[in-house]
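Across the two complexes that follow, chain A remains constant while its partner is chain B and subsequently chain C.
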Partner chain A sequence: MKCGLIYDGCLSQAETASVLPAAERFAKGPVAVIECIQDIPCNPCEKSCPHQAIIIGDNITAVPRLQADRCVGCGLCAAQCPGLAIFIVDASYSATEAVITLPYEYYPLPKEGDIVMGVSRSGAAVAKARVLKVRRETAAYGTILVSITVPKKFMHTIRSFRALREADKRIVCRCEEITETEIRLAVRQGANTVKDVKLATRAGMGACQGTSCRREISRIIAEETGASPEEILPPRFRMPVRPIPLAQLAAEEGKND
Partner chain B sequence: MTKKEVIVIGGGIIGSSVAYFLKEKGYWPILVDKDNFGKETSSACEGTVIMQSKQPGPKLELALKSRTLYQELSRKLVYDIEYREKGGLVLLENEQQAAIMKKTMLEQETFGLQVKLLTIHEARKLEPVLSKNLWGAIYSDADAQVNPIAVTRALLQDVVKDGGTILPHTKVEDLLVEQGNVCGIKTNRGEMRAAAVVNAAGIWSSSLTARYGYEPKIIPRRGQILVTEAFPPTVRHIMICACYLAAKHHPELLDPTKLQHKLGVGTVIEQTVHGQLLIGSTREFVGINKETTLAGIQEIARHVMKLMPGLKNINVIRSFSGLRPKTENGLPILGPVKELPGLFMATGHEGDGIALAPITGKILADQIAETGILS
Partner chain C sequence: MSELYDAAIIGAGPAGLRAAIELGKRGARVIIVDENPYPGGQLFKQIHKFFGSSVHLAGQRGFLIGQELMDSAKCLGVEFWLSSAVWGITDHTLAVLHEKNTHEIHAKKIILATGATENAISFSGSTLPGVLGAGALQTMVNLHRVSPGRRILIVGSGNVGLIVAYQMLQAGIQVAAVVEASDSIRGYGVHAAKLRRAGVPVLLRTTILAAAGRNRVETATLAHLDERQKLLPETAWQENVAAVAVAAGLTPLAELAWIRGCAFGNSAALGGFIPLHDADMKTSVEDFFIAGDIAGIEEASTAMEEGSMAGIAAAQELGFCSTEEKDREKKLIYQRLETLRSGSFGHIRQTEKIKIFTKMKGEFDEVRIDL
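Now for the complex of A and B:
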């Protein structure tokens, strides 16, 4: 199956890789990620940059090149890009979270502090995000730029967001607090047994060892993959059947081989 | 020039690390696994990155380098691998163990590993759960832990981010060999070619090359583990008992009539970032068998109760087991295969594969670059 911008409208992993600044640059603070790979006549990003960090040159159909050491991550290019193809990614925000600043053209606008669902380039739910800032960029016809904080591991995956839905709030694994949306995402990424889902999300790793959630997880896998729930491999059952204190397990009269 | 593709067989922590370092060196890795990634030994183990447990020699040297790489990876990878430098304690039950360990300590210091002998009084200040009846402990601040499931996922995510390919549910059935050179693989999904092939198939590694006359002995060695309920951070260090090291390095000191030693039980304990304790483990030769046994889990519980009675009320919620890929001399098999040019091995890490994964990936990528297979 072919994937990539001209096939399905989203950058493929390889295409994304070709536009990402170096990991060292990300670590230094906010930087523009220009997800523009088509030769189209367009150059507002080059013109908007006060630091001359974006180069298109005389050939207006050339793709923009970022000089990452000059970029300060101000976001003016993101507000100017008519294709909504530029994002500002700040990997230095905290040890576990990154900030993504993106142009947002829907109403109602989110409020600062809102919890939303971060989505991928194709619109698939990835992980919850928090709205950090909503700003109107007057230098760019009032384009709205929204900054959201996302788990760092998804900083190259999340590129927009939507309001929370029921499934995003519904906890399936109560011990580890894993939601239906997180489980569906894992299944869409290839997890097709209860064990796969467990390794991907921690669902079923908590105190009850999946007693209360494994059926629901099988049902979700079945629904997502089109298999019948009976076909979904159940998790392996392991001792002990019920939680048992270490001292009691040690003292119990057992087999000796 | 387009980049050279290198196939890696096996997406456990070792294959994932090899793919990652190949990518860093400018190759296009193609990683294949018969199932989803990281479902075998690399997710059925503990996550200790212990320096003190490595025999002074090549293993310790590799482990120290690997630890430095873990520090870099935990900074660089965007996925949290839960790497924590907690420091470690080797628990000594009696004077005889202390005497053996004192000799090892001197050797460890010549490799630059700083260790310190503590009385049981001093050790209990660090870890109040320890029994008063122990003799003492050896402390090192170099010991660390990591979440192996997260490491595998983090490495894979980074490989994919930079354009590498990962193919789950792709079972390698044979190597593709032309004029004596390995130039690809035959899988259930067809043939694939590449400039080089790396075999990181864990306990299955030698079955892939046996028909070409190369069959290093890799024996599955089962380890059973207990998982407890989560509770606030209490066990602050990674702890291992000296008899675990004896089982590893001085089997002659063990009493084969004791059940503990028959099952090879030596305690290795860590509290994960999520609050659960992982308590290992047995060391048994039972073939490809991932069951847990009542005798095994009870013996683990008995031994930990002797060392750490302070944990007596903590609930065990699960047991699991994994199969360590053991080689004959206890050292991993790393590098090109003379009999099969184009093929490289990265396997046989037994009980040290998590600790040694980063350095293994780095060594393999360097070796492939050196043989002139240019990126």
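Now for the complex of A and C:
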């Protein structure tokens, strides 16, 4: 199936690239990302901006253009866009996290501090996110602006969120506290062996060395990839297969000298 | 009821309300009749923020736009008969079922702004309870707060299908999928994007084969189509759903215009048969105007402009405004309409509208004004 907004309702990679302000602008602080690429007759965003940073002009079907140097990332456009197609991305939030402010119109509303699941343009779980702020703008006719913090590498991927589900909380690797969803996400991002999952998530690297979670991980990989469980080999085992005091290792080292 | 109104408007949607406002503010005695208990036509059940131009109140939620237009009209002395259905028309007289009795309304000018009706499609089981129009589903959920069930299917990916699907999610109802026979999404991408973020699939080249269940819909059978739209029966699968909402387009609601003897033209892009009209929104019948979706399925913003045009043209014929004023306003209206009818979604409507005007001009030489 062809990809792109008119085929699957999600921006393709190229379409996404075409709407993103320059990387230097992201570094400077919050900025609007206007994911509106069709020539539809609509212009409330233009008027919503107190800084005249969005331009449509007299031709109402023109695609909105952002003057990124004028945008201060206030979010008024995101609150007013009837298509809910504007997001504010703040890449300057911290070294590892970015903040995404998005329009939200579902009940129940999240609460500040909630941990939620950040999802992509196609609704797939991407990474956990924390609700930083929930704000109501009068001009938005009820649309709520929710700000969430996400791992920076996902700031152009996460575009909505959902409440955590049972599987998001269900621990598969007890030693390292890795959840089923985290493992599934790793598989979807290309980890298709138990070893890959271990490297991506630390699942199986704890005190029990995977004794209790290995089979579960294989099952999840099989489920996600459609492979049969027999094809999913266990990871390569290494000594020590039980936890031992470091002193023992040191002693072993000594013997070889 | 033998008093004579300057103008009677049928339909209190955006088109009818704007016509009433233009007539009212120029001093005409106006009555507007609508069978719904609320003003706004399609708008009153729309809980989403309207796309469109900010000069047409876009950005606000639909039902608020309807209320705002009605308030403006009321301030101008426009008389409202809601919950009143026009069931007949002769010459300058309407037969209206109002408060359980038939009343006659006499008016010098009549403006028909009755909007459109939903297209039904038939498939095995399509008469089962639970198969309904997307607009009907909207009325059920948004207005009457009745849930159709836990999980539903939407057929058709035009704006109506996409928007209704989103509103169902907001009401806490799961949407199994939006299915679409053609090979791209018909409505605006931003509306589809909202659904996708919520995890709802939009399945192209997919159709509904059957709805089934004991007393009401319990399952829907779907199947894919190949690139030539041929059914691929081996791809069929079932979804457990409690309702199937069909959003397969709209047809102008023009019975009263047929009865009144208007000349008609047909345009698939505008929704089928529509009364021929000129740029003043006058039909082939003297003193009889149309505006909004009845004059071609479009949007609220175009309906408002056409309503204004019909109102101003009627006001001018009635002597409430000069020809110069009318022509000045008309120029502005058509400037706005032209931009609304541009772009990849709108330009076809512009072309088709001009065909209708031209056909009207060709068949009736008394048509005075073209674009």
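Here, the second predicted complex is superposed on the first by the 237 of 257 C-alpha atoms of A that agree within 3 Å, B and C clash if a C-alpha of one lies under 4 Å from a C-alpha of the other, contacts with A are read in each partner's own complex, and residues count from 1 in each chain.
Assume contacts are C-beta pairs under 8 Å (C-beta built on N, C-alpha and C of every residue); 3 or more make two chains touch, one makes a residue touch a chain.
Remember, it's a predicted structure, so these values are computed and weren't measured experimentally.
K.L.:
Regarding the shared-chain residue A:Asn59, is it in contact with chain B (first), chain C (second), both, or neither?
P.N.:
So A:Asn59 only meets chain C here.
K.L.:
Name the contact category of A:Val241: first (chain B only), second (chain C only), both, or neither.
P.N.:
So A:Val241 meets neither chain B nor chain C here.
K.L.:
By the touch definition at the top of the document, which applies to A:Leu199: first (chain B), second (chain C), both, or neither?
P.N.:
First partner only, chain B.
K.L.:
Quick check for you: in the superposed arrangement, does A:Ala91 touch first (chain B), second (chain C), both or neither?
P.N.:
Only chain B is touched by A:Ala91; chain C is not.
K.L.:
Would you check which partner chain A:Pro41 touches, where first means chain B only, second means chain C only, and both and neither mean what they say?
P.N.:
Only chain C is touched by A:Pro41; chain B is not.
K.L.:
If you stack the two complexes on chain A, which partner ends up touching A:Glu105: first (chain B), second (chain C), both, or neither?
P.N.:
Once the two structures are laid over each other on A, A:Glu105 reaches chain C alone.
K.L.:
What part of chain A is shared between its chain B contacts and its chain C contacts?
P.N.:
Touching chain B in the first complex and chain C in the second, no residue of chain A appears in both lists.
K.L.:
Under the definition above, what is the set of chain A residues touching chain C in their complex?
P.N.:
Interface residues on the chain A side: 1, 5-11, 35-44, 46-48, 58-61, 80-85, 105-107, 119-124, 141-143, 159-160, 162.
K.L.:
Which residues of chain B touch chain A in their complex?
P.N.:
Those in contact with chain A are residues 36, 38-39, 43, 75-76, 78-80, 149, 153-154, 157, 160-163, 168, 226, 228-230, 259, 262, 274, 276, 292-295, 297-298, 301-302, 304-305, 309, 311-320.
K.L.:
Mind pulling up the chain C residues that touch chain A in the complex?
P.N.:
48-54, 58-61, 64, 169-170, 172, 183-185, 188-200, 202, 204, 299, 301, 339-340, 342-346
K.L.:
Per the contact definition, I'd like the list of chain A residues that touch chain B in the complex.
P.N.:
Going through chain A, the ones touching chain B are 13-14, 16-18, 20, 23, 27, 91, 96, 98, 152-153, 155-156, 190-193, 195-196, 199-200, 202, 205-207, 209, 238-240, 243-247, 249-250, 252, 254-257.
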